[in-house]
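Each chain carries a letter (A, B, C, D and E) given by its place in the written order, and its residues are counted from 1.
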Amino acid sequence: MLHQLMRWKRAAWRALTPEDRAAMANEAASVLTAMGAEQSAVFSMLGHKGDLMFVHFRRDLDGLNRAELALSRLPIWDYLEATTSYVSVVELGLYESTARIYRMFGERGLEPGSDAWDEALAEELARQRKAMEPRLYPAMPDHRYACFYPMDRRRGEEKNWYMVPFADRARMMHEHGMVGRKYQGIVRQIISGSVGLDDWEWGVTLFAGDPLQFKKLIYEMRFDEVSAVYAGFGQFYVGLRVTNEDLPRLLAEGELA
Amino acid sequence: MLHQLMRWKRAAWRALTPEDRAAMANEAASVLTAMGAEQSAVFSMLGHKGDLMFVHFRRDLDGLNRAELALSRLPIWDYLEATTSYVSVVELGLYESTARIYRMFGERGLEPGSDAWDEALAEELARQRKAMEPRLYPAMPDHRYACFYPMDRRRGEEKNWYMVPFADRARMMHEHGMVGRKYQGIVRQIISGSVGLDDWEWGVTLFAGDPLQFKKLIYEMRFDEVSAVYAGFGQFYVGLRVTNEDLPRLLAEGELA
Amino acid sequence: MLHQLMRWKRAAWRALTPEDRAAMANEAASVLTAMGAEQSAVFSMLGHKGDLMFVHFRRDLDGLNRAELALSRLPIWDYLEATTSYVSVVELGLYESTARIYRMFGERGLEPGSDAWDEALAEELARQRKAMEPRLYPAMPDHRYACFYPMDRRRGEEKNWYMVPFADRARMMHEHGMVGRKYQGIVRQIISGSVGLDDWEWGVTLFAGDPLQFKKLIYEMRFDEVSAVYAGFGQFYVGLRVTNEDLPRLLAEGELA
Amino acid sequence: MLHQLMRWKRAAWRALTPEDRAAMANEAASVLTAMGAEQSAVFSMLGHKGDLMFVHFRRDLDGLNRAELALSRLPIWDYLEATTSYVSVVELGLYESTARIYRMFGERGLEPGSDAWDEALAEELARQRKAMEPRLYPAMPDHRYACFYPMDRRRGEEKNWYMVPFADRARMMHEHGMVGRKYQGIVRQIISGSVGLDDWEWGVTLFAGDPLQFKKLIYEMRFDEVSAVYAGFGQFYVGLRVTNEDLPRLLAEGELA
Amino acid sequence: MLHQLMRWKRAAWRALTPEDRAAMANEAASVLTAMGAEQSAVFSMLGHKGDLMFVHFRRDLDGLNRAELALSRLPIWDYLEATTSYVSVVELGLYESTARIYRMFGERGLEPGSDAWDEALAEELARQRKAMEPRLYPAMPDHRYACFYPMDRRRGEEKNWYMVPFADRARMMHEHGMVGRKYQGIVRQIISGSVGLDDWEWGVTLFAGDPLQFKKLIYEMRFDEVSAVYAGFGQFYVGLRVTNEDLPRLLAEGELA
């Protein structure tokens, strides 16, 4: 995934003739509409941290780089400046399935670290990856509101997530997941990992039809032990989805229906 | 709520003819005056963090986005740059009423988590929301001075608000509220939540006829346990309300009566 | 008080004709000289954090806002950019007098919180405010060097100033004051509070005829318990006073006698 | 080593004629291609932190300074701005060899600190330096993906790497190295030290044919005691290698095959 | 001392004719060469934090302010922008001599705080100041490489330098000095204090003929208790001395022999 936060250079943009603005906006809208099929979306953001957010899902880094370069070649790009961005890879929480595998293999009498164990594990992971393909390569949700923020697990002197035993981490993640599950159908949560790819360990992208649910969900989760004690949060970005129909006018005139 | 802090690009503004400045200022003033009916206000700020602050109350994020886009379409906007902003939702402290509900339901013999409890709770919350509507959707106070700052509850390794039991948090919030109550009629306090919407957990907007009362109130509160131990503060912004009458001249000439 | 740190946009300034520069510099110098009577001063700063510092004392926020707007209307202001600023209110340390009042009232047999106590307290504070008027509304010191920095009292997990009992805070402030007193006649110290007005809790402005005394005083104080354990410091700014005579040439030509 | 992160000033670049762009791009590409022989490489980066990353290996600081000045003399450099950079020196982990030397010399009956010891040590270090020359002056790896980040060893109040006894540090580094070794042939890791040269203590540059391996390796390592407890991380940068063939077109047109 | 880090605005510089560039460069070089006699030097820096570093030694703040203003009046200054700077005063470590004085006076039977003690102390300090004059007002070292960084002594909740008894601080400083002494003749170390003058407590400027010695020295020192536990470090800057001969060409053409 690539999130791009962009700010209008409005004075320069408005120095153009309406015809030039319309032409550039239409060209951009048509490229972005075509990109939509590859799972890209545009949002009109609240506040000064960015006027527009572009979110891209692609199969690999090459696809993201191509998307980024394609947008940067648009004439309209001269009138936008990047305020921030985020590079990450959709991932699935593996605490529950890892625990299940250990239990299952244990019942089968497999010895951790043995060849039989390793072989069974490789097989099982391949099976899961296949089963989870649709969740690993999701389609762009079409809710009206989106919220994005990056986060870390803390490594404090006393409270250090990476020194907590697996079973405790699995328990905390399970409790955390229970809260998330209460919002199923209300808030769509896409978790992406960015260790080694960007400045935080995870990116969280939420989609909902009611933006107050972002606040409700995250506030409720803040009391989960895993968040209260071990979560570090970056900046929060919130905005409204811009449909293909609304895009040319928003770009050209700064107006959203 | 949306707070927008803007800085003048004075050199460019003054390169315009006085007529152009006056025309742009008048157009902006009339849009802002009309917005005033929807609960927007303008402040002349002290210091380098912004020359003007726009504060908007709206019913929903769409209304805030519309306000933001409407202002950004003004020609005068080319001569302003955003230094910061804040997105939040007015909220009411629920510690006291939650505690009261638990007591009340307990006296009625309701079991927490039972169907009867949940039903009574939903009923009670709906009743309260209705009763509190005027406080949830406040009119813009018209005091001469305003102060804005964002804040967090701390999640330190030892002192972590989100790990404190409810009863202790309720007690600390009650003591805190007692200090606030001493300033009733002197400082109007609007608390808004921004978990999941912006970078801090809350925004505090204060209004008063005497700006020294901001200092007095906040200093006194700093000794409250909830502030002393658990509050993290962002930047502070202070300014003077610009009335509809003063607005055109301030915008055109940088003069405030 | 308002401190304004400004940086020259030299390339643009020097693109002007010498005549235009001289005219703008003279106009600014005459406005600033007139402002001097209202207690404003200009400093030529060391380093990249600002070329000029303007310090304004006024009776209220309105006066500061007027000063700021008046300067911003000067043509020369298009050639300066604000790097930082600070808003604060001159205040007097009250630990000693508060302790004295408690002792005095106790000796008189007054009960804290009683009506008699409150009445006597109001009377006493009014009396003190009158007596201290010259220190609350100081004239601008005319030493050659000034040093400014903002500071906080720390609220750490273990070491939290706002959780320390009054008597201990009073003792530490007394010891701290003893060090300050050693520099009477050498370094003039103006303490201003900025809780609720700006990003730190206090601003400290020092004036001296020998700038090494700033270093000596602050280094000596750093070993005071109240500084060593409880002080958090912002950035430090140091500069030379620009007299009315030197001002036009410094502004026009960047030269200081 | 010098890492340079650069961002395009696209509006200015595109204001040039296609012929001028092509000429400047070709000149830059030919200088960079020639530099490649001296071990320089170009990467197309993901996200807003930089569009291009230049990585230079040279024998000394003078060579790096020459490379930096040579690039800055290119006409195309007027259309790029530096967002960050990193100066460091390739180094080899010496924990294992130091421990081995102590053991070896001990077996030989040498007394630490004696003249015999010092002489043997100087001899041994000279021998190792010679043997390790190829690893100290590596050729530029030619994998398709690179990841760069700076890091520190933490000096917390409780957990302070520089107060940990040598034997414990050696043990932790050994465990850490074991994880790195699992990725041999998958991720090429070049560790460079920057104490006294840049803002972090080390720079880590990873090269791989599959960028997910960066995430996998670093996430796995995060549970190593040395990383979990003692590592502080800076920003992460990830990008795709630009071959000599692709360079002119990427520079001129912003397109990568 | 004043350190000035400056970055070229290359696009604007190169828009000038070669004749104008040469004229401005020559004028600047001749001013800087003349300043060299007053102990100023120029360095070509590695990385994005600055292209040039100017280091000035002067007798007082007025001299530094004059140097800064003189450079800022150069036409070439319009093509440079300050990225950072540092103001500090050369100082000598007094832990050893203070301890020696106490011992010496004790042996003489003087009582600390007595008039005899104070008189002897004033006499002794005057004597030392005279003896140390050459070290307090050093000539600019002429090594090829320089390294600059600011630093603090930490005031953590547990580990607070300013709460450590004098004897322990003196012992740690002594051990630290022993490491520094090993590099005598290899790395020239100039320590300057900046408490009350700039944002850190000290500035460290190192000069050497081999830049790897900066890394070696600072890494070795990092294990000293005083550094490991009590040192906080700012940014590090490293560069090559530009001789009077090389200066015009570096300024005009960006080339260093």
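Rule of thumb we're sticking to: a contact is a pair of C-beta atoms (placed from the backbone, for glycine too) under 8 Å apart; a residue touches a chain by one contact, two chains touch by 3 or more.
What you see is a predicted model, and the numbers here were worked out from it, not measured in a lab.
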item	value
Steps in the shortest chain-to-chain touch route ending at chain C and beginning at chain A	2
Superposition rotation for chain B onto chain E, Cα-based, multiple of 5°	145
Copies chain E and chain C - interface residue numbers shared by over half, same or different	different
Geometric centre distance via CA averages, chain D-chain C, whole Å	47
Cα-centroid distance, chain A relative to chain B, in whole angstrom	29
Where chain D touches two or more other chains, by residue	157-158
Neighbour-by-neighbour ring order, given that chain A leads and chain D comes next	A, D, E, C, B
Residue numbers on chain B that touch chain C, as the complex places them	8, 10-11, 14, 44, 46-49, 51, 145, 147, 149, 156-159, 206, 211-212, 214-215, 217-219, 222-223, 225, 227-229, 231, 235-236, 238-240, 253-256
Chain C contact footprint on chain E (complex, rising order)	2, 4-5, 12, 60-62, 64-66, 68-69, 72-73, 75, 77-79, 82-87, 89, 155, 157-158, 160, 162-163, 193-199
